[in-house]
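The first chain written gets the first letter, and so on, giving A, B, C, D and E; residue counts start at 1 in each chain.
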Amino acid sequence: MFYRENGQFKSSYSSDQAIFPIAQDRAFVIGILLVAFCGVPFFINEYWANAILIPLLVYALAGLGLNILTGYCGQVSLGTGAFMAVGAYASFKLVGFFPEVNYLILIFVSGLVTAAVGVVFGLPSLRIKGFYLAVATLAAQFFLIWLFNKVGWFYDHSPTGMITVRPIDFFGVRVTGPEATPAAKYLFTLTIIATLTLTAKNIVRGRVGRSWMAIRDMDIAAELIGIKPLQAKLSAFAVSSFYIGVAGALYFGVYLGSVEPLEAFDINQSFYVLFIIIIGGLGSILGAFLGAAFIVLLPILMKNLMVGGFGVASGTAGHVEILLLGALIIFFLIVEPHGLARLWQIAKEKLRLWPFPH
Amino acid sequence: MTTHSRNETLLEVESISLSFGGVHALSDVSFDIRKGEVRSIIGPNGAGKSSMLNVINGFYHPQEGSITYQGKRRAQMKPHEAALGGIARTFQNIALFRGMSTLDNIMTGRNTKMSKGLFWQALHFGPAKREEIENREFVEHVIDFLEIQTIRKTPVGRLPYGLQKRVELGRALAAEPTLLLLDEPMAGMNLEEKEDMSRFILETNEEFGTTIALIEHDMGVVMDISDRVVVLDYGRKIAEGTPEEVRANQNVIDAYLGVSHD
Amino acid sequence: MSAVIQSEREALLSVNNIEVIYDHVILVLRGVSLEVMKGGVVALLGANGAGKSTTLKAISNLLGAERGDVTKGSITFQGEDVQSLSPNELVRRGVIQVMEGRHCFEHLTVEENLLTGAYTRTDGRSRVAEDLDLVYQYFPRLKERRTSQAGYTSGGEQQMIAVGRALMARPAVILLDEPSMGLAPQLVEEIFEIVKRLNEDEGVTFLLAEQNTMMALRYSNYGYILENGRVVMDGEASALAENEDVKEFYLGVSGDDRRSFRNVKAYRRRKRWLS
Amino acid sequence: MAFDLFLLEVVISGLMTGVMYSLVALGFVLIFKASGVFNFAQGVLALFAALALYDFLAEDGWFFAVFGFTLPVWLAIPATALIMIFLAWVIERAVLRFLVKQEEIILFMATIGLAFVLEGLGDLLFGSDVKPLDIGIPQGASDLLLDNFNLYVEKLEIVAAATAAVLVTALAIFFQKTRVGRALRAVADDHQAALSVGISLNKIWVIVWSVSGIVALVAGIMWGSKSGVQFSLSLIALKALPVLILGGFTSVPGAIVGGLIIGVGEKLAEVYVGPLVGGAIENWFAYVLALGFLLFRPQGLFGERIIERV
Amino acid sequence: MNLRKLTGVAVAAVLALPMFASHANAYELVIPTLDYRTGPYAPNGIPLANAYSDYINLLNERDGGIEGVKIKHVDCETGYNTKKGVECYENIKNTAPSRALAIQPFSTGITYQLIPKSAVDEIPIFSMGYGRTSAANGKVFPWVFNFPATYWSQATALVQYIADQEGGMASLKGKKIYLVYHNSAYGKEPIRTLEALAEKYGFEYRGLPVDHPGQEQKATWLQIRKERPDWVLMWGWGVMNQVAIKEAASIRFPMDRFIGVWWSGSENDVLPAGEAADGYLSGAFHAAGGDFALHDDIRKYVYDKGMGAGDRDRIGEVLYNRGLVAVMWTVEAIRNAMKIHGTKEVTPAMVRDGFESLEVDEARLAELGLKDFTYGIKITCENHEGPGRVAVQQWDAKAKKWSMVSKFYEPLREITAPLIEADSMAYAKENNVTPRTCS
């Protein structure tokens, strides 16, 4: 249609560096945000909040975090599940210690705690690369989960080792537990995620982001032009873990409400988030959202289609769902190995030319 | 030919020896680089030229010998220390960051000149933004200088070889280096591109006073643009001097030029 | 030089107006045609990125692995259309490529490297053994090092391994990509000498891509010059070597009055003003 | 004295468990060497092989339903091997050939997708009940050792160790002495060059995935005899990962030695350190052991030293 | 652009399907189940789910439902995964026309997840023989039921059984009783109780955790071989059970001194070990075997009509029977709700009342075709656990049959009651729940 950048001139570097230099893109994103903030809360019900939108947002945030580490800095990690657990347990303990402090601050601090843990487990990245590093992060995965499962202090010595979120009010509005309204939970999550997405975009388009990408694309050359690998990698681990930690805190507090470490944060969780960024697109902020949409929505979509639509028995549908999900992952990787974000980009480029081929 | 005083030594390499698991890459090599000159290092394949550059900017750590740079003498330094000290370089097999645009690649060259931390970066407001724009201005000068305005936003992976070499030079120049190391800047170029590259090298040298040390196979280029040449063969220095002196040196003729040039 | 006249022989290999696109977007070759006569040594010249390697890979069908496609034109070998054949089928029929940068199997010994060249052959062990001896005859240095790992041999030796490995397939034509790359002048000469001997004594046809224009024209009998994915000039090697334009643009030598690189900038500045 | 005997028992069972891990790791290594694919589906391959084998042997399987008889073990194993070869062929046709030249992580993802497909398929075809696999491998402790020396060693694991030894020897001969083995090593070194000398990568992938499938079959038989054939069999892949980082992704001897070290290490840790900290440490201990090792040798036990160049 | 919009609408429509797919048909009773026929625990989930489905089909076929009102069975696949469980719950809880009358989560994780929600959504949760033990306190957990017995009661019952074999509670002193447990919330349940019992009766207790999935237990059983405990208890699940039984046999640990929880006592667990499993013990609160009158009816009304959910010859397996008893009690609670509220169109809240005053005595069991299948229960406002009685059953490997070898032990309430009180009150405090008064 009229998706053109002709006639949009930039007269300063700052407008050239804007996140969406093209006016139509800006309008599109503002539109989406308007709908998300002002439209959706009026229509949302428990199913859409608890089963679809909140998991989608939380996983997008975790994906964003992992994408910073893997997509931007090139360090493959399989410890996402454990880092989410750190965020969850940190927020659990913090809420216990400081019930009066604003939940948002506690979530932020949980992110910082996770960042610190992430830095410690990021240290091996200075010597180990590629898949070796990926497998090494599994050490973090297994060790941390063991710790949370074993040390009673972390779960307030509950007899089963599960932790359950307390009802928490945020400026007088209940945001956790069953009494929170879907709209409150959703808006709380959405606000945090929208803010963190913006900061992530800011970081990756600035100096720090460039040094990550330099390390990712060619670590030796990066070092030779004066980027300190130690600083770049560990800052990526820290920022990534911060995001994942916040995601973990929301995953526990707002989404699930009660978790058992071995199940909620197990290695599948790590793979799940890795799927999100690979399907969505490595090194793309948008990719984390698209990937999360794919991974969270697709199984639900398939299930509803098979069970609700065609009356397939739910067990059989479960098997078919796994099979189809696998097949679709392979299919998408074959069609576009760089993920949904790249597909979107290509679509936009075509749209820019449309209806004239050149 | 130029007006710089060329007597002050910028960098001195003293009896450097380097080996990898018993294979000697460099043995007892000494030479110096004076402020403001164009210094070429030549030699047949495997002579240890690249290793020499790698030693100078701290990527390899020699077993013996020392390097004096800007009056400071040391056995070894870390690569980013060298970068902070004003040593920039390009690579034989283009080491650009393929996933990033031309602009971002050259901006990484400004990394050592930027300091605002994560917090300001995340806000992208105030100091961080100001710093970004200041450095962007400098980078735009480099882009103008190298005449690569049109590819500013293109991912470097999609650029043809010759342009990639130019972007890489841009990345090195963005650091405002005192000493610029160029590893085979002409490799794989046609005549026109070689001419362009020579022009950029000489203009950098003349206009910014940057000292240049380069490795090159194309004898025509080397002889034309260098002030002094050092010749390595099998990890040893076999000759040193002005292009004319080197061209006349019998060792060099035997070892390097051989009989292949009619 | 055994002065083979290109046009008098039958074409062993002919490339007709091919177009190659990488990644569905990047057009690398825009209509390249060439012919290689039986028993000839044909040089493919041009700057880096002109499309030499792509042309060779299009012939040996190694493009697929790099997401490249031949979208137009045809390639025939011994009169048959070979475009759809897989690389291994091509090798079986006698077209083998020695890739740029040599690509030896680093962890295999020199001899194992050579033997992999005979992978497609089905004519029995003894024939393969004979050919191994033949290769050793041409490359005595390889015989000395037959049990060492290829990764530990020098650049020149690796180039010999690569050529020898190709010979082991008993090819009709060898596509030789940048044999001089990264080699000292003496070694380049040595390699070209062997190419010449193989051509004359064993009747192997060569199509070689080379940047070292002078050297290549000295050892070949016909040449094509590529620029930006097109053939811009072709002719007898000797004629090309004498051609003034070729000298000007590709050799950078025009007798004694060669422009100095130091003075280029003045000339370039002028050019910039003019354009 | 009794204590020393116990230590010996722990070490032996560690070694034996290690062999079982090695069987899985071996399949990983083969595929990674030849195609650079980090095959996460290896565990599911083992499960699939065991399911298929069970199907030939049992009366509630498809084979019996179609043909009305079951196969004897000596026929069922080769028949399953054929199925694994067929599977390798399908995987090459449907997945690998479209993903040539992609980055490692993309291929890795694709194998996870493949794992899902096989898991779903296995469940759909064979059901998710536990299937006892009995191909005549003796079960339980070796009475001979237990009665005479009070030493506890599982018979199954002795068989597994012997099988692994035979398997590795056969593989070594195959790789070093045959034309195809040489081609496989060539492909592992340099895909492009292998292609250029006329080695068909597609064929090589089918071969190497078949070999891996057969190794998975052996692993599946051993683990299936030990714990029945069911979904969890696919999770042994996770136990093979620390073995891989320890031994190096490309080294067959590494997979064996790595397996033994991990096996012994985790058993010693669990038995002697576990009680002090609450137990169940063997899972993470294996990873920490491998990680600690990596910090000193980033390329793994038998991996080659990486010299970085620019 | 249009295509994108269209896809968007389609996606939204399909996602929304479960919400609008309400039919305006006659009133039906909605009984949902959260099944797991996939994933690592599927072998156990399948018989449970089959029994649910079979029993509901039987009632619809034979009796036309409950008191003549048809039952609508809605199942949702969770794969034993909490996140899927959440989606399932949200998806099915409002299923028209009656809404979900009672939720059977069949997973400890999902149960914990749903406990706080149940009070808000006003849907009773029946976590039969699993879930949160302290939910037995009906004053704090009015919406959760976990009869007929809890893990803590079971732990005391098993220890009583041990004492009986050793010659009385006093002879427990100095004995070594070890616990091999699934290293998860479920597996950790009995630890508190066993610690309290060990303290009281002077036996030595030690826990040996086994990580999911538990295929490799060498280290655990080597320790048992070395330290030779007198008894080994097991809180296992899935493949862990059968591996443990095999390992125990290998080190020649006497099977009749090895007792599993009721989730470690099904055919799936013992069959793989073959002869070696002979004599293995496990907790139980209902009988095994498929020769009760109810089973005959199921064969007749369901399987003969080709509506059976599973294999005909697997009717009567332990976990199948467990599913049966669960759905039977659920149905009785609904029936009870109809009775006390005098309407056939019950709501979940009425069914909660039905649960809270549920009484299924031996006579009623016999009517249902389950004579001697289990014991009678009576639920009250404060006690949601019911009688809490547990017996021990033993595996006969030759006959491939489980049979009861003990009486039903009454739980040692003096041990469990304070624990339940403490844990439930802690929950009440954290979640601002004011315990209701029962009388």
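The rule is simple: a contact is a pair of C-beta atoms (placed from the backbone, for glycine too) under 8 Å apart; a residue touches a chain by one contact, two chains touch by 3 or more.
Since we're looking at a predicted model, the values are computed, not measured.
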Just tell me the minimum hop count from chain B to chain C, counting one hop per pair of touching chains. 1
Farthest chain from chain C, going by mean C-alpha coordinates, please. E
So the centre of each chain is just the mean of its C-alpha atoms; given that, what is the distance between chain C and chain E in Å? 74
I'd like to verify one number: the distance from the centre of chain A to the centre of chain D, where each centre is the average of its C-alpha atoms, in whole angstrom. 33
Cα centroid separation between chain A and chain C, in whole Å? 50
Quick one: report the Å distance separating chain B from chain E, using the average Cα coordinate of each chain. 73
For chain D, residues contacting two or more additional chains: 123, 128, 278, 280, 283, 310
Quick check on chain B: which residues sit in contact with 2+ other chains? 59, 91, 95
Touching chain C in the complex: which residues of chain B? 1, 44-46, 158, 160-162, 188-196, 198-199, 202-203, 220-221, 224-225, 256-261
Which residues of chain E touch chain D in their complex? 37-40, 42-43, 46, 183, 206-211, 213-216, 218-220, 222-223, 225-226, 238-239, 242-243, 246, 249-252, 268, 271-272, 274, 276
Taking the complex as given, what residues does chain C use to touch chain D? 60, 62, 64-67, 86-88, 90-92, 96-99, 103-108, 112-113, 115-117, 119-120, 165-166, 169
Can you check the complex and tell me which residues of chain D touch chain C? 100-101, 179, 182-183, 185-186, 188-201, 203
So in the complex, the part of chain A that touches chain D is made up of which residues? 70, 76, 124, 127-132, 135-136, 138-139, 141-143, 146, 149-150, 220-221, 224, 267, 271, 274-275, 278-279, 282, 316, 319-330, 333-334, 337
